[in-house]
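Okay, got some structures for you below.
Heads up, the next two complexes both have subunit A, just with different partners, subunit B and then subunit C.
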Partner chain A sequence: MKTLRLILTQNLGLILAVVLFVALYSIYVALHPNWGLNVVLQNGNETLALIFVGMAQTMAVLVGGLDLSVGPLMTLTNCFGSHVMAGTGGSVVAGVVACLALGSACGCLNGCIIVYGRIQPIIATLATGAIYIGLALLLRPTPGGAIDGDLAWAFTNDINELGMTYGWWGDLGLFGKIPAQPIFLALVVVLVWAPFKRSATGRGAYAIGSNAHAAYMSGVRIDRSKIAAFTLAGFFAACAGVYLTMQMGSGNADAPQAAEYTLRSIATVVIGGTSLYGGSGGVIGTIFGALVLRSISFIFRVVPGDSTFGFVASPLLQPFFEGLILLFAVSLGAARVFRVRNRLSLFT
Partner chain B sequence: MEDGAMAAEPAYLEMRGISKNYGGVHALTDVDFAARRGSIHAVLGENGAGKSTLIKIVSGVVAPTRGTMSLDGAPATFGSPLEANAAGIVCIFQELSLMPDLSVADNISITDPPRNRLGLIDTRAQRRRAEELLARVGCEDIDPRERLKNLPLSRRQMVEIAKALGRNPKLLILDEATSALTSADVKKVYSILHALREEGLCLLYISHRMHEIEELADTASVFRNGRHIATFAKGAHSDDEIVQMMIGRDWSNVFPKKPERTAAPEPALEVSNLNWAPTLKRLSLSVGKGEIVGIGGLDGQGQRELLLALFGVLRGVSGSIKVNGAPVAIGSPAAAKRPENAIALIPEDRKTEGLLLPMSVAENITIAALPWLTKGLVIDRSAEAEKIREMVARMQIKVGDLDAPVATLSGGNQQKVVIAKWLLTGARIILLNDPTRGIDVGTKQEIYQLLRSLAAEGAAILFYTTDYDELIGCCDRVLILYDGAIVRELAGTEITETNIVASSLNLPGEGAAA
Partner chain C sequence: MSLRIEPPILIGLVFIALILATGTAYTMVTQGTATFISPPYLLQQLHFGAFLGITAAGMMMVILLGHIDLSVPWTLAASAMVGTAVGGVAGDFTALGVGLAVGLINGIGVAVLRVPSMIFTLGVNTVLLGLMVMLTGGFAPQNAATPLMTFLGSLRTYGVPHSVVVWALVSASLIFVLNRTPLGRYMYAIGNEEAAAYLSGVRTRLVIIAAFMICSLCAAVAGLCLAGYSARAFQAMGDQYLLPSIAAVVLGGTNILGGQGKYSGTVVGVVLIVLLQSMLSVMQMDEAYRQMIYGAVIILMLLIYSRGRAQTA
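And now, the complex of A and B:
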């Protein structure tokens, strides 16, 4: 009973995001004329990049900052990937690894500028974000490039197609119809996020966001944790870039798209229950935050135009509803203001 | 004054000729200090005597300007708390070093969590470790999975102690570590500390509570004005003698003469039964027109909160406040400064709460009085310029260019700007929170003169200061706060350093046997 209470109270933000997602996606399913696994696959393809960018943003927010370069970094790896993922076989694998390494290096650079330059994360990444977009434009002045078609097909599809394209496995029946994106996501979470969260460095990142002063006084290696958090942000942004490349099959230095992803990433973090003050939350909440955001736009596509709600469901109103949901989620987080007894602490 | 047993045993921690300067301020001057194993060593001194600087040096938070330190005979220099930790020095600070959003278990094992074969944190082992350590400090009731911020302050302090024990200290420093504990917990902590002493640890214990020191310590060192005065074994000196050692500064006569009073002044501010849990407890006081009332006591007994409560900053304050006999409800600083209340607060930290540092001297002077300098929707620039000239002349603010950022002024002149800002609002009740900290003697003297002349014009002044000389020299009456309540009121010739220090420690003072 005690355990249940603890789990509930310590994961309120995450639970709220899950409930919101289930509610919104149910509406979508109910309204969709022929919903099925192929629709889920399409939904997954549209969501995974945002999820990764949101996870990148989560890292910066956990240590008490904002990273404005996550969108540009995704775009940079996309353009870089459209060059290096163009071959076949082993060279493609090397290309993917190179993309992830590039993203991590850029993230590490962000971290070093923030830690050793003593510059606020939001300003440092505003500058590096512009630099990353600039590099992306250098790599792809106009949209183009073509990666291996098999790769693009296999990795943005379901389990059957993934295996059959490369001859790894045959038709697995119903199981094989499951989209592959959740598996990629699970791999990244289990192999990268979970070990980080359970390492002393990751613990340090939470400690910095919670109370940097106390963390320093406790002998936490603050610099190392901060740089690690931003490096990981770069890695997650690169995951988004790689996936985007597979999905589009080409590279495009799309600055407005990068900016939109950056802003949406902040929304996914907030809806996912990570405190903007830092120190609590995590990427699991962000995953659901991204799912909530995407569910809203999915719903707009399936509301029948001639129904009573048709006029509300105009695609023009989509930003309006996304804003409302965001405001709702943030208000719940701001409830602490009512408990503050010394008004001076509102300003710190 | 060296005790025989101490000379026999070699010191574990030894500091020689340690000095620490912050700019021109000498926090510690040429201090020799030693502590041995198997001992609880009390460090005593007034506010600002240099105790905190001493332990910051030992625990690697700041580096000494001069002097050497050795541990167990080997020279030791620490660049950070991390290095001091590695050498077995663990400090329990007054301001806790805990992370509110992490669980109790995470906090306890923050730097050295138990790991599994993959090098990842073993949460189960970490929980067991937290349970063991919490049991050791007698807090089995704390769930290690609970977030720290959900625990009350007294429990958090026990977590801090458990965390320190988990680091296997050789030298344990406790800085006011029991200030928030319940009496049952204090008993537990005492028995732990006695046990640690038996195990041969070296413990430094800093406390403002004389009875705690009597109960715990076997050796005591007194500091005053950044100097080490004496080290002696327990029982070598009486409480009175120790208090005398803690006082004993020379102070010149820099204060204006206090007026003779024939009748009690008409009250301007009356406060009764002020409560703000857990800091302020049924606090009642009154300040008359033309009176300077001092607030004394050790740091952190609720003085700051009292002033903030009167200025409308705190929420959930109960009790009644009357201004000029009429009950008032003050919900914000903006309400406090309205003409019917006319309350001003000169804050403790002029850099963060008093001034808008990048803005000009002129803008800072009029920022609080703008509602009275506005015509229609715009600021009346000529009236503003007139008022600024008046204030600069009255306060003798030494400023070259009124449009220069206020940050370019010296500390003393900055403080004058803060005071000028509030005088412009026409305040009749002036609350001061340690206004002379870190400013030069000349400006201090000007501020004392100013306060006295404001009082002579009928202002009511409530003056919190950590400087006992100011309480003695400036104030008509002095209220001593201890644990959120007024424990003693001193007036006239009763305002002596001995009485102030004794009542600050909540000991009976001279002639207060009744």
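And now, the complex of A and C:
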């Protein structure tokens, strides 16, 4: 019983995000005129890139920093991918690997500048973000490039289409109707995030975020953990870029879009229950944070215009409500301010 | 008061000299004239720089506290847009009022509700964006600059742009506040250790709210000038001022974690960024190279700072 309570209190943020998502998505499903797996597929396509960028931001936030280059890095890998992922067969696989390697290398560069240059993460990544956008513009001065249509179709669809496009497997029935995006996400989480979290380096990253001095005194290899965290942030941002390339089929060095993704990523991290001061939370919460954020905009799309709440369906009001909900979500955490007995404890 | 120049400011000045020298060398070679150091050209740069300078001045107040204000872009745009929509002298006051109101909300969120400033101001920015989309969505409100905006933003007296005078006035008042008033001392104290400031009897919540109100007021003033300069207020007019204003403050030697920094450094940072951007556009550099050089210069300068700090520490 006590352990259950402990688990609950330690994951309060995550649980809140899951509950919020389930509630919001249920409203969406209830309002949608013909909701089905194909709608889920479409939702997944619109959400996966944001989830990956949010996961990248989570890594930086865990070690007590902020990464303003996640959006630009996604754009850079998108532009790079539109060159190297063209073609068919093995060259595409090599292209995807090259994209992920580029992202990880850029993330590692961020980490090295932060650790060895002793520059605050937010400022260092502000500068490297400008460099990455510059590189992206160099690769794609105008939007363009075309990756293989089969590839773009197969990897942004359900399991059936993935198999049938390449003749790997036939119709798998109901199982095959499952959208492919959750599977990609699960693969990344299981193969990359879970091992990292369990490793000494990963635990070190949590320790740094919670108290860098104490972590140093306990023999945590601070430099290594920090660089690893930022490298992983680069890797996740590259995942977002690769997925975006498959989804759009082309590359676009869109700086405003990059900035929007960066800002949204901070919101997903916070809604997902990771503390902005570092040391607690994780990418699982962020996944639900991104889902919550996207569910909100999905709902606005399906609210019937002639109902009592029809006025919220106006596209003009969407940004306003999104902002209000974000403010509301982050202010929920403020409840503890009114409970504390000693105001001194607020400052830590 | 000592007259010793802080190392970051010195490095900033050296970089400014370097940029001027490079720009002049370039124009000498390509056009045979020293356009880059001619007074009219420099005044023109100061005119552009004033908008960034006023925004960065406000940004510095919150960074000194160890906070940040990401709502600056849409505070700037919202003040100008609401101001022009109301029109006339009433519009000018409304614009300043919008700034103060946004600052108050930000301050309450950060100081009283204790939401991290990064995320709270981000939310406020989105809400302001939404409100402005609503304002301009259904119908087209008046967006022509009021006479005062034109006076502040685009007119000159004896060749001196009025925006530069506004920037100087804002700077003078903030230097006074920072160095000569208890409020300024409290701001440095809170940036260093909020708990210590609180235990010393400083009403920290009021100080934080005041700093956010100064920041948003500066953004509103910059919005007035910018609307005058472009003769109208428009959406997203403030978007290009957020990251440069943070960069200017940090390049000027203010610690992003708060508690340390001199106002003169921020001025140096603003001039540096404006000159850098203008040199790159004079040299007709591609946007791609411009962004990369811009980022590289910021990293290079900060690397030099941190080396200097490590040696003295």
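The rule is simple: the second predicted complex is superposed on the first by the 333 of 348 C-alpha atoms of A that agree within 3 Å, B and C clash if a C-alpha of one lies under 4 Å from a C-alpha of the other, contacts with A are read in each partner's own complex, and residues count from 1 in each chain.
Definition applied: a residue touches a chain if its C-beta (ideal position, glycine included) is under 8 Å from a C-beta of that chain, and two chains touch if they have at least 3 such contacts.
None of these values were measured; they are calculated from a predicted model.
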item	value
First, second, both or neither for A:217, with subunit B first and subunit C second	first
Touch count on subunit A, higher of subunit B and subunit C	C
Contacts of A:198 with subunit B and subunit C, given as first, second, both or neither	first
First (subunit B), second (subunit C), both or neither touched by A:131	second
Partner chain(s) touched by A:321 [first = subunit B, second = subunit C, both, neither]	second
Overlap of subunit C and subunit B interfaces on subunit A (superposed complexes)	343-344
Touching residues (chain side subunit A, partner subunit C) in the complex	66, 68, 113, 117-120, 122-124, 126-131, 133-138, 141, 256, 259, 263, 266-267, 270, 276-277, 316-324, 326-327, 330-331, 333-334, 337, 343-344, 346-348
Sites on subunit C touched by subunit A in the complex	68, 70, 109, 112-116, 118-120, 122-131, 133-134, 137-138, 194-195, 198-199, 239, 243, 246-247, 250, 256-257, 286-296, 298-299, 302-303, 306, 309-310
Touching residues (chain side subunit A, partner subunit B) in the complex	2-3, 6, 9-10, 195, 198-200, 203-204, 206-207, 209-211, 213-221, 275, 279-280, 340-344
In the complex, subunit B residues that touch subunit A	61, 80-82, 85, 91, 93, 96-102, 106, 110-113, 115, 118-121, 123, 143, 145-147, 150, 163, 276, 305, 308, 313-316, 332, 353
